[in-house]
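Each of the two complexes below includes subunit A, the first together with subunit B, the second together with subunit C.
What follows is the complex of A and B.
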């Protein structure tokens, strides 16, 4: 391999690295190519009757049963707080071992499976219980924390760590020399993850856990839009007011309250566990012929090949196409929206409105966004593209918008459009790309759950397998999804390293 | 032959662990466990609550034991709850009943609605398709957009798919421009009425009730074809209830269901009344599910 040329000393402060431009351009070209391959037809219909009912519902929010709703709000928060705390601790542990390949692969594997699918798996073993809800959050979030913490630690100032005497113990050097220097970013990220945790916890209601999503989905599906709006606004209010209640000194009391609130008397039935692992997830030919029969293994091979040809291949293809388009869509959305919350562009008052808009956009579950767009455009890839792009774009916009708060401008910096195009956007472009690469995986995962649109993504087939109670097939397809995710992860890791993308912004204005 | 389950369960550690865990769980459960039932969420949840709330009260009075209805979110969770003995009785659709009874060997179908012996589905269309009601499926359906109900629904998916395949000699994926799964019958009607999908398949009972309640705008959406008859919904009970609630308990439950005469309960289903059912009544459903590849 040819040696990587040394970067010129001042190249860190320049955004116009050709690598970044090439990367952006190629992502754009790939997305355009995918767009040509995708079904983007619009089937004009008469959605306005339904849309106006939705609109009316949003203007007249109703809370049908307050005690029930507040109980599910408490459950939503309890799952999120406990789930995120436990996975933050586990993730930190793994982050310190992240140079081990096996840790990286395991993290990529566990986070590649959507919370809903984890929950569906645990549902078979633990039923609709606290344990199912917690594990469905803890497992994928541990994988996410491990990766992000590890990369934050890598990017932080390594001086102290390198100056340690050689005999310093592994854990103490990690704790004192690495963790402490990166602490502010780590806390910032963990707070943001708590918001994601509340969203995930809410979405678990879609499959029957008693969180807010349970009511939101039921009301919305049945066309009770006022009631759905009531639940949605409650959820948005909780997220929007996070900076007032998710404070460090409240965390311990909140955690204790969560433990007290959740019913923990899960009946762990070993028969169910054994049945699931010893029977349900075995490929059906093996179940039929027994493990020791050659015939069974031969049949299993052809079972796998059929599944691969009929579902895995087409599922992966559609998933990748949708992901690549939605990735660029999210990027564009984020770049357009981030100024809304940036102090460099808007006054404090206007930014409140901007924040609220972004909170709303990222709090509406993709499934509901997709449904509304489906009403207007008819079934094709378009609803999925917009739903994923807006949702993820709003999240990235929030993250990079917050980063512009610490950018110091020169006195003679340009104003308005010029400031946006020539100064701020270039400065945040690298962290922006880094965030976008994180979302790559997320989008891949989420493209899985839009089955209502009839898109044959991997998630569509996994959902079908669960629906047909074929856990062997579900597991096979989940493994394929995981491999795809590990592939995407390693590509994004390589690109990140090669282009030195970091989530730390280029804060200082260039000295002359 | 090595039996995988056996290898695991013979481990002493697993057994000890199981005993400890079970004894822990027993503490929190009161000794008088209620008789629990559920139903597939095939339509508007508020209607389901109203319908099965009445059934629970009736059964409690008749059987003299505590009876509880638990709502579930999906067809699969209804089957899973039944399989895991979290519920002992369930109002299943044809397909979910077949799936459940395959997973719980001693379980039996005990009663079905009078109408469930001759159930049917409608294919409905948005008015912009300009399709009229016909005796046979029209070739004009090809390349339109189409939505089923839930993936696990008999009347919203299994039987319509079977007849579409039989007539057009190809799978719905190939036949239609796109195929969605709305999730339930009420949603299917809403999606076709709004024109988001041009065509849909729907349970005839849900359609008729929607029509009677004035929830359907027939200038926007109408029936273009109906399937031949097939057996559908039924009450299925676990085989081990007699051991827990006393000999003859399942017979008592069956009789109680057959004896429902209260029009208020029956209208909520809506069924004229209940008649005895047997597992063998649903053999055609099993065969169909196998033929379209939903069951191995």
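What follows is the complex of A and C.
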């Protein structure tokens, strides 16, 4: 019998950092190291002048052409509503089959590619059409819904499911005992996703679809800051007022209106599709020598290695550096901002202002936020760092700030900074870390896509490949991005599992 | 603002009870005073026209059935003297993710500068560990000093809450059932610590024997009224038990 290791009786009698503390510290150190490696220069000659011009524009919003603006608002909402609804249904279907490995792998793959990359792909085949916009939202969102729905179903109360008669069919038992048990959380999440859908849909304007992002980009580029502010405020208002218009009984009419509004007369050119997927995206040596030639495959290998050395490596490196900085930046932002909406720190009136601030910060799509900062600082990692940190930080702050509502403090609890540091933050720290790690893969996806603004993350090389009509390169780099994303996702899952990080609040003091 | 912390006296006598004769003429304001006061919610007061005076130096046990309003009463008393009194409620109010050490240390957050507290949270100062260790040891918490509070048993959690209240080092201790989850021997140790370190003590207790041993005045509550208010000298355990009957 192997000797049983003696439990040291004094193992808790001396101070040792916990796993959570060690993890936080190492993340911070890695981020600082990345910050030293990153390009954080300010490349504009007069950043203050640009700030004052943008600030002036923000204070004097105007609307250039109301009919045009409302038409693009309608398109934005129609893409989001239809796209999110279809992917919610598909995601639900996949969630019920989530114990199949193939379903898990497929949904991990399709959600690891950002909607803008999907849009760039479909753009080559379907042009600037409704189909391109819808597919770009539906495909990644289906993967996200499948995963989150499956996790929600798993975490919900299983008692009813286990008590069903043993012969109950698969779909009936899923429908009655699992779907219905988790319905409130599922609806809540779907509503949140609709908000993300509106953001995604407006960002599609950056590649030319007629959504709000299109106007935002062109106004900002031309320096029409007042007009840009008008679009931005309209967008924020629509998102902030979602709980008034995105109600359950309005959903059906809104969906019908969306279908009627969007032009569906896309001419689907089968030859073009076949040519694109069967020929254009194949590595160029394979196209040259044919699929059956050994020479072609050998050339493809060296083609891949060259592409890896020249673009993928540097792109991945920059993407990872940006991701790590933005991850810690988001965490710091969230910890600093959550008191703004917490009843433990501010009165109801002041919290309204806090809520408004967080809504504004999180509803501006990170691409647009980065674009605005880029006008001030010029191309470097700074715009991306701030945009990602503020956007994701505001989202996490919103989630953990809500948790503090159920904390019951003792009568003689400390105040001010001590309350923040000793009573509240320790209680929400684990759920906070869990949310942060959930957003890790999101931040990575966004870090890659921000390359289309000119910093050399993977998105930059993908965007250039599309511009040069080198679809084989674009696909190769997209696949690298997807792999990186899946890797980070699995590391995040391991860490959450090891440290038992759960988004469930562990905030209530024990009651008798 | 770092104030020097005077260490509490370590002397403990086995039986610190010495009923003080209440001086017949007192010009001083009593420490706690309730005069024909109604306590509770507007619609449904727990007490009506309550009169209660507690002088400095008294050790008062408040006894009565569950739901008689003991907690409401002590909380009201605490609110009168929240500056000078330390309060240990029925809810322990521990921060689950913090260690026993940190939870106890929280009794002194107001005595140190925020920056000091922040550093101590991340890496405890030796001086603080040295100060808190003896207290933890006396409460049998030494071995779990750096365990997080959510891993503790109910009795351990209660002892942490008591330790945190003791560390506040106030002159008055107000406790709501501070020994409800610990065994008989520990109960005696805790009451000994509380009564020896505080000039004035107000406790709600269920254990009438311990109430008689450690306090010098008993206030019995029944049906929203003070049914009994007397020095422990004149009381027996069986008299007190009658309070628990309907």
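Basically, the second predicted complex is superposed on the first by the 442 of 512 C-alpha atoms of A that agree within 3 Å, B and C clash if a C-alpha of one lies under 4 Å from a C-alpha of the other, contacts with A are read in each partner's own complex, and residues count from 1 in each chain.
The rule is simple: a residue touches a chain if its C-beta (ideal position, glycine included) is under 8 Å from a C-beta of that chain, and two chains touch if they have at least 3 such contacts.
Being a predicted model, the structure only gives us computed values, none of them experimental.
In the superposition on chain A, A:218 makes contact with subunit B only, while subunit C stays out of contact range. Applying the stated contact rule after C-alpha superposition, one finds that A:18 touches subunit C and leaves subunit B untouched.
In the superposed model, A:127 lies in contact with subunit B only, and not with subunit C.
If you count the residues of subunit A touched by subunit B and by subunit C, you find the higher number for B.
Residue contacts after overlaying the shared chain place A:43 against subunit B, while subunit C stays out of touching range. In the superposition on chain A, A:369 makes contact with neither subunit B nor subunit C. Those residues of subunit B that touch subunit A in the shared complex are 1-5, 7-9, 14, 17-18, 21-22, 25, 28-29, 44-46, 72-77, 79-81, 84, 86, 99, 103, 126, 128, 145, 147, 150-152, 173, 178-184, 186-187, 190-191, 193-198, 217, 220, 294-296.
On the subunit A side of its complex with subunit B, the touching residues are 39, 43-47, 49-50, 123-124, 127-128, 206-208, 214, 217-218, 221-223, 265-272, 274-275, 277-279, 282, 284, 290-293, 374-375, 378-380, 451-454, 456, 463-464, 466-470.
Note for the complex: subunit A touches subunit C at residues 9-10, 12-16, 18, 20-21, 408-414, 416-418, 421-423, 426-427, 429-430, 506-507, 509-512. By the touch rule above, subunit C contacts subunit A in their complex via residues 75, 78, 82, 86-87, 89-99, 101-102, 106, 109-110, 114, 117-118, 121-124, 129, 142-148, 150, 154, 157, 180-181.
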